[in-house]
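Quick heads-up: structures coming right below.
In what follows, subunit A forms one complex with subunit B and a second complex with subunit C.
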Partner chain A sequence: MADKKKRRRTDSDSDSQPFKHLLKSDEQILQMLKSFSSSFASSSTSKPLTLADLSLASTCREVSDLPLSSVQSNIESLVLQLAHQILSGQGFSFTVPSRASTNQLYVPELDRIVLKDKSTIRPFSHISSVRKTTITTKILSLIHQLSLKNIHVTKRDLFYTDVKLFQDQMQSDAVLDDVSCMLGCTRSSLNVIAAEKGVVVGRLIFSDNGDMIDCTKMGMGGKAIPPNIDRVGDMQSDALFILLVEKDAAYIRLAEDRFYNRFPCIIVTAKGQPDVATRLFLKKMKIELKLPVLALVDSDPYGLKILSVYGCGSKNMSYDSANLTTPDIKWLGIRPSDLDKYKIPEQCRLPMTEQDIKTGKDLLEEDFVKKNPAWVEELNLMVKTKQKAEIQALSSFGFQYLSEVYLPLKLQQQDWI
Partner chain B sequence: MADKKKRRRTDSDSDSQPFKHLLKSDEQILQMLKSFSSSFASSSTSKPLTLADLSLASTCREVSDLPLSSVQSNIESLVLQLAHQILSGQGFSFTVPSRASTNQLYVPELDRIVLKDKSTIRPFSHISSVRKTTITTKILSLIHQLSLKNIHVTKRDLFYTDVKLFQDQMQSDAVLDDVSCMLGCTRSSLNVIAAEKGVVVGRLIFSDNGDMIDCTKMGMGGKAIPPNIDRVGDMQSDALFILLVEKDAAYIRLAEDRFYNRFPCIIVTAKGQPDVATRLFLKKMKIELKLPVLALVDSDPYGLKILSVYGCGSKNMSYDSANLTTPDIKWLGIRPSDLDKYKIPEQCRLPMTEQDIKTGKDLLEEDFVKKNPAWVEELNLMVKTKQKAEIQALSSFGFQYLSEVYLPLKLQQQDWI
Partner chain C sequence: MESEKSPAEFFAENKNIAGFDNPGKCLYTTVRELVENALDSAESISELPVVEITIEEIVKSKFNSMIGLVDRERVDAELYDDFETAKAREKRLAKEARAQELQAKNAALGKKVKESAAPKGVKGRGEASFFRVTCKDNGRGMPHDDIPNMFGRVLSGTKYGLKQTRGKFGLGAKMALIWSKMSTGLPIEISSSMKSQNYVSFCRLDIDIHRNIPHIHLHEKRDNKDRWHGAEIQVVIEGNWTTYRVYSIIAFPIILLEFSLLFKHSKILHYMRQMAVITPYAQFLFKFVSDSPDKNVTIKFARRTDVMPPVPVETKHHPSSVDILLIKRLIAETSKTNLMQFLQHEFVNIGKSLAERLIGEMGPDFSPKMAVKSLTDQQIVRIHQLFRQAKFDDPSGDCLSPAGEYNLRLGIIKELHPDMVATYSGSAQVFEGHPFIVEAGVSLGGKDVKHGLNIFRFANRIPLLFEQGGDVVTRTALKRINWNTYKINQTQDKIGVFVSIVSTKIPFKGTGKEYIGDDISEIATAVKAAIKQCCIQLKSKIVKKMQAREQQERKRNLSKYIPDAANAVYDVLKEMAKSHASKKKRFAEKDVDILQKVANQLITKETLKEKLTEHVEKVDYEMALEYATQSGVSEEPREDIYLQSLDATSNFLDFHSTTFIFRLVQ
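And then the complex of A and B:
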């Protein structure tokens, strides 16, 4: 009886699931994905462009991941240098790279924002900078402590070591970024970490602080992405692509349906705005596993903005764009053109607010959008129709339409831009 | 050289770590914890009080976890009953338990809020309720579909199946709670799940959707708590207690230091406001493993409020308080009296805002606070001194003061209330 009911329900479902009849067999789709994935891997063996390749190394500056021992010795050299400076009568001052927007540059060849080479002097003897110089010294001493103990702390922990001096966390956070630039290393090299919120599930094995994690055996909840990328390693995978998902609900659907077993992939989400830990984890997966990254985001300016943070970086961390960004992410969906193409019902589309439209128009002015004509076209369509839609809008064709029809069809048609 | 430096640093650290000299050996603390844990386990074998024990079963209502097949047959019986009602000329109407605050009751013996037995009639033939009756019918039909397919969806998915009808998600969410009450089952029994945000690490093994998870081997990131408690099972543990942590930063410190290996425990956090998945997971751990729960929250009204949601439930889900609440959580710290006791420096304490003080005073009026004199005393102290402090304030004594001194000393002194 229950079986019979079930069959009836499933039949009626497929009637109401548009485009299901277009789906080829999984074997055919897999065959195509394999050739895409392997052509991607061979093309990505060429070393990524660097500032040096573009003769920008002397006019732009970048930080890199440094081992703890180098961070420690860099701090010690800096302090020695300061001592010499003071003893030779030049006084006590730091030379701090400027992180102002006037010192930022979008480099199309790299497809990310980098920092130019302007610096400012921060003298201890001047009333306007004496506090900031003191804060800088304190942060350097705290980082030196961390490097000796080899432990990780959060920005909040740093702040609380001397609330009287820092006054508010914005001040210690800002100087922490200064110190990263001064020492030429990433914030994660300083062992200062951000709270993690991302999860990963699917065809990935990796080590987290010495423990081997098999992400095909993480149930529906998945594995929490570790806050400290320097203790992540030994990545292995038989996936054909990485599926980057904007939000939790879509992630849960794909995890429960074990989508990664039908089409071998790694599914990752930061549950909204990408955090540093998830961005570093995605970057590491792409580089070590040489896998293409396909993004599933809402069809609204915010979705595209999230995609851009993964792809090109955020402005206030432009000094570290080389380490934080994952270039060449493909926009799989939901794209503005999908709304009509997949016959998303009118009532599941939402009108864009004035603010949405403004954000959309601003995005059209961004270099990283302009360089991809297909993205410009989609974004123009969004701003023109003034309609947006969430990934969940696909639920109007049944809860599993996303995993059973929409995504397989997207993959089959190689419908990414 | 590096070694020498390290030693020097560690020495100076212990000078600046107040109360470290009071710490006994780990063996002694463990011995005490073992006897506490086992006396707790033997006391908790007695079945928890129910509404029936208090002769409240006829005047209060509660939902329970039901298997999917029962949810399915309950819906079918309800629909049959409705058909009879219509055929016998009484028209089409639902009888819906009232979830209004006037229908809620705090039961001191149970230490949680329950729902009384008032119901309202929702007739289809009345202009004021025709829409809500239609929505109720639609939600019942969607839940029936879920029970046939045995898949889980989010509230957002439900909403998108018929945006025209529901208009906004508040409406489908509210009716979903009505349907839970009508069918007498928990929302998780309906296979409608909330996005998860909690993580767990430490001495726990459990199965998530068929995969066995060993939480001692989850590195620093920990295991993401699954959104669907019905696929969680086979819990095993040699822990002596569960450490419930309010925020991410403290969780990270304890996970990196593998605190659970020094004092066998399970560490869990919802990263702020507790979500349903984490509350269900905590409850299940406490019951299956018979472990005491010790809470580490900020010393502010918000921290106590979070503790109360874990312990006594939130008002708008009072119909499900039996399943969502974990009674008898001990308030370990940071308590208002700890600020002076542990000599938290003045500059690490924050002045309470007017709103904070109001929230604190409101909490003093709550039954669940009143019934615990020690809590009242602490809260009175907080409101009197008008000072609050975050867990991270302990970082002023060194980043590892929390895991190396504060918590071990708290455990040694059995300093929880």
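And then the complex of A and C:
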């Protein structure tokens, strides 16, 4: 209660917070959100399309979750093939699905990037591929050990088993994705996880490895998103939407102000580029709870890029886009048009660098942007004005402007695209 | 009452703008002014330059005797700035003792200790060093009667015409004379003789700075027995040789490494070396002489070519490069009477029809026949505005004299001995009405070149050594060239980047005119393009070399990975064999065979390694064969070499044959 009183008091001196007068009462906004949320839930019941539905299964490659035993036998049959080749004196080689950008395809019906069927041969006895081939062999043998012992390790653990061979973690990580592709399974099926990065707070209760977690009672920092999704279950929530936040700073603001108590919601962030665990978690929430996802990102090309990774997947992991992507994410803010609409002062806007502008122009060529005319318009505006702004630019009207005026007003106006 | 300052006084008071900031830089600038004058002089008569520079260190006692001052011992020690008080002495001794103790300890532990720096000699403020700088050339020389004014009078104002010149301030030896007057009070000595003069002019003079006139001590004609022509200038100045160190990146010619550490970083030697790079048709003899023979240095930068760039020609101003002041001066000095003739004759790229159109555009109060000297200030401003806005053809680069790709290449090879070198000469381009040409060279490897980028900058064929951080060349090479694209490693490889820019006006930045700003996009683009062109040439050479190396190292590089790969495969096989033996899993017929062999130690790690090794050897042999048939016998492109002509006095013996003569030099 004390918390509420405090807020009322800050409300009274609202001169420095423009547009505050436009805000309707919380009850009205809530009413509106409820109707939106329920209409969303009813519309999203249809089963998502698959590659097979579009008869693309033969020309595109997709992986699925495999049980550990299948992973093990896949590796074993592959290694036996290698052994045959080696013993017959022919050296050996792998056939690795290509993850190059030329082998990626955006499928509008699915609204995500998928991997085409091109493969490259990786022979041991060629100077340009000998390193990668050896690393691939080593990773296979390590995954085989994991499957025998049925344990999980992190990518970092994997790297440290042979630092001399792998040289840096980028190399072992890249080969790990290759191995996923080759074996036709998701990376989580390999029992290799990335360190925890994402956090979640708000009106969500779920079980993590059997323990019930209430995300409203996780303190300010929230709950770290578990790295392996298979131990997450029993999701319950009375939230009206999921708020996806690009950055830690905005997340902390919203968590501390307990924004989710004013407007029931679940707040998630991956602190920058999303990792696999956060993407899987978001997908799971969306499917199980049937909630709309609203995104709060910086108004720069990278904000949109991050949004696209959640939405349509990254090129690097397009082989698993079916499991990793959450379609139909709404771009709530901060959008280039908001800069003028909310009169964000000049000193809080940054000029875009040449690199930024190039990235922006490249994005305009991407299919996942083109499919949404409203996004194209916003991005065009950004490239034209050559200005960008971070979420924190709103702090110029007070640190709590984001949670007290900007977001409520956005929600009230249903200003998302 | 304030009196008007003479130009000499102005420069005496603002000597830093002419490159005379401190004693170290004064010595450096004196040398370079003399050397550049010498080169200009020889080139003006198309003579291959031979320049001798001698720097003679003069200790204080010798200097005092030169000026007739008696050396005095210090009597009242405490009077002096460098007097060590008892307290300071105690402190210093304690510090030295500690250092010694530490050293002894380390020595006892058998550690290798760095030679501790010798305690610095305490040097007080008044302890100046003096140098006699002598520069002798084989140039044009000077007319006997002009000599006093050429040295003893500083003229302000720029020259009438426009020309690519070496000098940055047009002061040359005059500034050295002003500095000698300020620091030593000793006069300058000039010997000069022109071609076909049977005498040598000798002149000893100093300058009356206040009145800006020469003060002649001696001016006479002497015998010219050797038929020598050229000039020899000798000046005694305060300077600094030992402490004038560089923190720059340029490495040193091999010959110098034999000399004492003292010389390792002298800016003057850097200058001489870079000058030798850009002027390979000149011969330089550099001497440093002092009382202690171990400090003495003699370096000869030999001539490598007799191809000399043409003398830059004087050109008229381009209309888009002039300002109002310059227009006024041109009007004052022109011999033409009417506006039409003035426009046609005092500027480049204004023909008759263009002049008519321009006058028409100027407005109704202008006419072709109007007297040019009657133009009002407003009218001149109008002309200037039109010059700024109208379109003119670009000035041609014909008036420029670039170093030439051939000479730049020779210079680089001669002074750096690189493994690879590529050069490129761009076409003339324009910045604010001034034509410029950018030439570049990129070298890889070489003697005494440090790892990473070594940047050599030249403007109007003189090296730039200071303030390289902001320079357009440095910034382009560091930030805008993606060396990786050309298979060059920016940190590991020894990269030499040479860029020479010539122009009728180099847009220098900074008071010392030591660098060219990075903000001129025309020049930045041209520099980038020239360096890129060199890199493209290098890339094909590098790729070829890499392929050849790959051939040699393929077997080793492949074999290196055999153990890792074999182990990884074997580890999985072994686990499978175990689960097969314990009947946990079923396998196909042909696989069972392998697994059993693994279980019975018939197939081991070693088996896999052997098989892989066999395969690698086979592949290596096949690919080597393929490479040999594809590449064939390749030849490196040949390069012209310059053979130095022998002195006529050499004795030789001819062996005659029917087809050739073999000459043995004795």
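The working rule: the second predicted complex is superposed on the first by the 339 of 417 C-alpha atoms of A that agree within 3 Å, B and C clash if a C-alpha of one lies under 4 Å from a C-alpha of the other, contacts with A are read in each partner's own complex, and residues count from 1 in each chain.
Convention: contacts are C-beta pairs under 8 Å (C-beta built on N, C-alpha and C of every residue); 3 or more make two chains touch, one makes a residue touch a chain.
Because the structure is predicted, anything quoted here is derived from the model rather than measured.
Enquirer: Could you say whether A:Lys384 touches subunit B, subunit C, both of them, or neither, answering first, second, both or neither?
Expert: neither
Enquirer: Touching A:Leu140 in the superposition: subunit B (first), subunit C (second), both, neither?
Expert: The second partner, subunit C, only.
Enquirer: Quick check for you: in the superposed arrangement, does A:Ile75 touch first (subunit B), second (subunit C), both or neither?
Expert: Touch partner of A:Ile75: subunit C, not subunit B.
Enquirer: See if subunit A has more residues touched by subunit B or by subunit C, and give me that chain.
Expert: Between subunit B and subunit C, B touches the greater number of residues in subunit A.
Enquirer: First (subunit B), second (subunit C), both or neither: which does A:Arg131 touch?
Expert: second
Enquirer: Looking at the overlay, does A:Lys315 come into contact with subunit B only (first), subunit C only (second), both, or neither?
Expert: A:Lys315 contacts neither subunit B nor subunit C.
Enquirer: One more residue to check, A:Lys358. First (subunit B), second (subunit C), both or neither?
Expert: In the superposed model, A:Lys358 contacts neither subunit B nor subunit C.
Enquirer: Can A:Tyr160 be said to touch subunit B (first), subunit C (second), both, or neither?
Expert: First partner only.
Enquirer: May I ask you to decide whether A:Met212 touches subunit B, subunit C, both, or neither, giving the answer as first, second, both or neither?
Expert: In the superposed model, A:Met212 contacts subunit B only, not subunit C.
Enquirer: Between subunit B (first) and subunit C (second), which does A:Leu148 come into contact with in this model arrangement: first, second, both, or neither?
Expert: Touch partners of A:Leu148: subunit B and subunit C.
Enquirer: Determine where on subunit A the residues touched by subunit B overlap those touched by subunit C, and list them.
Expert: 145, 148, 162.
Enquirer: Under the definition above, what is the set of subunit C residues touching subunit A in their complex?
Expert: 550, 554, 557-558, 561, 564-569, 571-573, 575-576, 585, 587, 590-591, 594, 603, 607-608, 611-612, 614-616, 618-619
Enquirer: Under the definition above, what is the set of subunit B residues touching subunit A in their complex?
Expert: Checking each residue of subunit B against subunit A gives 2, 5-6, 9, 72, 145-146, 148-149, 151-154, 156-164, 193, 195-197, 199, 207-213, 217-228, 231-232, 248-249, 252-253, 256-257, 271, 345, 347-348, 390, 392-396, 399-400.
Enquirer: Could you please specify the touching residues of subunit A with respect to subunit C in the complex?
Expert: Going through subunit A, the ones touching subunit C are 73, 75-76, 79-80, 82-84, 86-87, 89-92, 124-125, 127, 130-131, 133-134, 137-138, 140-141, 144-145, 148, 162, 165.
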